[in-house]
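Here is the structure we will look at, set down as structure tokens.
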Amino acid sequence: MGSILPTDQVLNIAVAGLGRMGKRHVHTLVGRVPRAKVVAVCSTWDNEVEWAQEAYQGTGIQVFNSYEDMIQLPSLNAVWISTSTDVHASQTLAAINKGLHVLCEKPLSTDLTEAQHVVDVANAHPHLKVMAGYSRRFDASYRAAKEQLAGIGAPFVVRSQTCDLLDDTGFFVRYAARNGGIFVDCCIHDIDLSLFYMGEHLLPKSAFAVGSLQHHPELGPLQDVDNGVGIVEFWGGKIAYFYCSRTQAHGHDVCTEITGTHGKIMVNLIPRTNHVQVAGANGISHAVPEEYWQRFEDAFATEANEFVASVLDDEPVPVKLELGVKGIIIGRALQDSLLSGEVVKFNEKGQRLDGKNSL
Amino acid sequence: MGSILPTDQVLNIAVAGLGRMGKRHVHTLVGRVPRAKVVAVCSTWDNEVEWAQEAYQGTGIQVFNSYEDMIQLPSLNAVWISTSTDVHASQTLAAINKGLHVLCEKPLSTDLTEAQHVVDVANAHPHLKVMAGYSRRFDASYRAAKEQLAGIGAPFVVRSQTCDLLDDTGFFVRYAARNGGIFVDCCIHDIDLSLFYMGEHLLPKSAFAVGSLQHHPELGPLQDVDNGVGIVEFWGGKIAYFYCSRTQAHGHDVCTEITGTHGKIMVNLIPRTNHVQVAGANGISHAVPEEYWQRFEDAFATEANEFVASVLDDEPVPVKLELGVKGIIIGRALQDSLLSGEVVKFNEKGQRLDGKNSL
Amino acid sequence: MGSILPTDQVLNIAVAGLGRMGKRHVHTLVGRVPRAKVVAVCSTWDNEVEWAQEAYQGTGIQVFNSYEDMIQLPSLNAVWISTSTDVHASQTLAAINKGLHVLCEKPLSTDLTEAQHVVDVANAHPHLKVMAGYSRRFDASYRAAKEQLAGIGAPFVVRSQTCDLLDDTGFFVRYAARNGGIFVDCCIHDIDLSLFYMGEHLLPKSAFAVGSLQHHPELGPLQDVDNGVGIVEFWGGKIAYFYCSRTQAHGHDVCTEITGTHGKIMVNLIPRTNHVQVAGANGISHAVPEEYWQRFEDAFATEANEFVASVLDDEPVPVKLELGVKGIIIGRALQDSLLSGEVVKFNEKGQRLDGKNSL
Amino acid sequence: MGSILPTDQVLNIAVAGLGRMGKRHVHTLVGRVPRAKVVAVCSTWDNEVEWAQEAYQGTGIQVFNSYEDMIQLPSLNAVWISTSTDVHASQTLAAINKGLHVLCEKPLSTDLTEAQHVVDVANAHPHLKVMAGYSRRFDASYRAAKEQLAGIGAPFVVRSQTCDLLDDTGFFVRYAARNGGIFVDCCIHDIDLSLFYMGEHLLPKSAFAVGSLQHHPELGPLQDVDNGVGIVEFWGGKIAYFYCSRTQAHGHDVCTEITGTHGKIMVNLIPRTNHVQVAGANGISHAVPEEYWQRFEDAFATEANEFVASVLDDEPVPVKLELGVKGIIIGRALQDSLLSGEVVKFNEKGQRLDGKNSL
């Protein structure tokens, strides 16, 4: 079970951002991470600040309306950055400069140079733990798949999809302008999983993507789509292909298949909320998770516990920060192909032949 | 998500028993129940006491080798009783007498009179929360089934099974002499679920059971079997039937089906550990949970959180203590039928016609 | 694939009974049994005779309104008896006396003595093939289960159910008076499967059943129920338990589980019509077969082809006629227990201690 | 059930080609198509001719070693062409010229001009039924998916795969030189299904494909791969993406998903041979069909019956011949992209911008 017993040493952590995700991170840290203590939260939205002042009253959690002010807190050891993508990099850098450990939600940035800069600065501060939040790597099923990988020979094709329930409120659209597009914002998990299973050393050879606008025509002017399909070919005969959607009718449908020379591993091909099936006049049915939280709540708790343990026990972080950069390179190539209609090609060092968006 | 935020008010709780289950309860309380604080544990086994002194060092958890000593602890508010069945009742009574709230593992007793006495004493102390640990009632799937019950009309048949992985060490056999037999120890969850879904007011009309010894002939002299099948007929045309096994080759296989006049609900007909399936030369396969913990870990956390909340917020306990008694009446009837080969019959008040084991 | 090529030798066969099942047998014989030629059909119902005269016009199939007349047909080699249960035995005997091979639907009779007499007469005519129509033994899944039996060690528990879609027209009720009751009419397939998997030599030790009336109170005066659950204990520590229903909301739900000392085989735990699943706002669902035909159409074709081959190639029939008798003994014991509320017990020779319904 | 009763009018049909598929077509026609009579077969391979002379002895089926000779047979009405792809077109034309109806296996040709010529000639003989053998359109599950299409709103993404069991004998490689490559030979079914569900009128806008050689390096010189992934974008915002493989470890894994604006339909996401699951020490597993025959045997019977009915009843053929041409256009575009590494683009009339392989 792994020891989670708190002793004298506890990590004082703050959560930056109080959107849906930030609130959940507080919930996870308080409810399931005994070696951490939430000492502060912040948001730049007045309504979120007010909500938090009410909700966290009497709990010892300080509420800030400024990230910069929050990280001045002397007792603070670490920060979990859960703000919008465009400030991930600057907030991570600020935290590092204050000597804080950082768990930063994906992606590090939509800008490759900026993302690489974060990695460089983090590497210059080896005593600090800085980790990219690829939460799926902490999911029990994805881990079980990894453990069984040897049984399927050499993996050479990964299919992975991230399909979200249609949100008629169009909530996500307000972030669309700054999240880098569907292949950076949404597909980056799938890209990371393709590396997780086929090899983190893999270099892209070509990328191609197409897309469609089905429910959110307002994404068009933002150069984005609400459904996208892409292929990434890696040097060495490995292939990954992806489907991302913002418009599923049935729920959060996230699955991955890894095909190897001697077998195939499937993760969550038929999504289900729980162990219940109902039979009636319309056949047999089961519920589907509405969103990532129902599917990945446990993974977030594992991620938080392991990040906290890596700090307190001074062990390497479980996900290397460099992986955040590779995901962005590939995600941007797919997004560029989506817009240009052309194949984005890379040389054998993984550098784009068109000179864009590579290091 | 329900507020789990600890404020100034926290429940000081002790865990009695440090067997496999007791250790897990400590783990759950520490890791997932922020409103509780584990202040003490106890065991009468030297090796468990020594293990705990080592494992809980520096955590503030006091380790006792005597239940009676432990409950003297002035700071104590509540105790989770996880010892062997034969002392459940006496320890619960002792705790009540010390003014402690109690969460007692099922069954309250193998002796019906004793179980009823616990209920009577608890009812005489209405300010104390005393709850029977029917953990499945806290499982997300069983709860979802309950919520969907209206969709299947009037439920009239429940099939339920509790089938454990074969344990070649015969670990459970050493408890067999005092656990009341397979239909009291194992089937009691299934009996409770049949009441949960068809009506807690139901009264038994007849019970019949047969059994088989497949791997543990040493159970024979103890008047028990390692596989048993039983039927309970309730007054009003309702039927429950059960299968309990200690000898499954593939894992912990616990499922329940509720048939109603307009549909059927199935819980966990095909057990699976996670969302992974593996395809290879031998077809497509998935893993099965080895034991109840993998299946019900979340349910135990929910149970603990809800029990703690019922105390701190002075709400009714989520499972009425009286249900513990009804389960024992029916479990004993099945066990008696198993041994006699005859049908055990009840009158319309739920009293056994043979005058045994009923109130 | 097995040779099904017709050559000069073809079996001339007649179908007795033109109810739903009889028509389907004609359909199967014409469409999928190239070594057979349907030469005649009969029914005592005027509307069925008229329907057949129209439907089979120009096909060479002669239509009779009398079974006795039909079996005079000189070209006839065999008859498939698909009439109501009460005439199965007499028609089989008449056919044997005319020198015809017989495939008789289950059960041979609701009367044990009559059934045994059919067996005796058939055994006295060894050149004739006389077979009991246990169609499930010809189903690909049940056969695959049989082939994999060695992999689960010694089988010792069989659970099997035959649950039919609720038919609000109450069609089946008009046959209820003469079909022997739910455990003879419906459960007999499950009883046969328990023997198929645990051993055709097994002898019953005890039988107990309960039932409920949910949709068809008119069955009460006929001493029958619309839902029944029963247990059969066999000598040697083997157990079978059954659920039969006439009132399922979702379709034809027929499944079987075989538990052995080293594994378990499941047949059709979650029924499904085809390979389609539909995801939408209400989750993910699939269709369920409405009736036995959708589930067992292929099995009937296999049964017919194998019966025809056994005649033309003079091989033993694939299902021994004696099995028909054992199924009736056990089915009647369950039905008797249902009515009496008592356990029906057998001695070690499989004879009922109460002297009823055994040989 | 549809009438399959043969009357005076029966279709005399010949099967061209006695490879694995041709033999199965004879089997289907004899065993499951009562309105057809197989009068002849042919092969140019001596061993196949010899095998057939033996196997079909006494059945009235004439065996030819020349297609041209066979179609001279005066009694012949129709021919089922099941030879290698490179002679599909010429044999179809020869049959049409002899006044025979034709069911021709896919693809009509690997050469687009030739395929179109077949269509033109067929259209010039409207009294003859000439049909492309897209067998999946006759599968019960694909048809059920089609019937439920209205429930998912407007379909806009189709994912489809045809993945065959690895054949270590490399049997298929000997045909690789003349089958047009993996996207023409294998993917053509998936392409057709994308049109079947999203609209037969759709015109391609772009196509891109990548591939990998995992088990059959000998395909390299033939400009083919053993695993390929491709995307086809259609005008109007519709997308299809495909995975084809010759090297699956677990069996014949053919599935299709149709995503619409209001739901998703899944066909066969988890392939299974039958209704059996086996639980044991390694979890729970089920068998996977080894090849297309186990998955599509019924579809071939339906296809044959419907083709025969279209001739005898003078109804339109169930699959328009023109669809054969569109499949080839798209399949060739994917194959060309695989080889060039570039996107193949089409104008709004569906003509390739590079002038190749379009009409």
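Note that the chains are named A, B, C and D in the order they appear, and that numbering of residues resets to 1 at the start of each chain.
Rule of thumb we're sticking to: contacts are C-beta pairs under 8 Å (C-beta built on N, C-alpha and C of every residue); 3 or more make two chains touch, one makes a residue touch a chain.
Protein identities per chain, from UniProt: A, B, C, D = NAD(P)-binding protein.
A quick note: this is a predicted structure, and the numbers were derived from the prediction, not measured.
K.L.:
Where are there more C-beta contacts: A-D or B-D?
P.N.:
When the contacts at A-D and B-D are counted, A-D has more.
K.L.:
Would you kindly state whether over half or under half of the residue numbers at the chain A/chain B interface are used by both copies, giving same or different?
P.N.:
same
K.L.:
Would you kindly tell me how far, in whole Å, the mean C-alpha position of chain D lies from that of chain A?
P.N.:
Using C-alpha averages as centres, the distance is 42 Å.
K.L.:
Please tell me the distance, in whole Å, between the geometric centres of chain B and chain D computed from their C-alpha atoms.
P.N.:
Roughly 57 Å separates the two chain centres.
K.L.:
Which positions in chain B touch two or more other chains at once?
P.N.:
152, 248-250, 253, 262-264, 266, 269-270, 273, 277, 279-281, 284, 287
K.L.:
Tell me, which parts of chain C touch chain A in their complex?
P.N.:
Chain C reaches chain A through residues 248-251, 253, 270-273, 277, 279-288.
K.L.:
Help me check something: in the complex, which residues belonging to chain A touch chain B?
P.N.:
Per the stated touch rule, the residues are 1, 3-8, 24, 27, 30-32, 34, 55-56, 58-59, 140-141, 144-145, 148, 151-152, 262-269, 273-281, 284, 287.
K.L.:
Could you pull out which chain B residues touch chain C in their complex?
P.N.:
Spelled out, the residues of chain B in touch with chain C are 152-154, 156-157, 159, 206, 208, 210-215, 227, 229-231, 233, 237-239, 241, 243, 245, 247-250, 253, 259-264, 266, 269-270, 341-343, 345.
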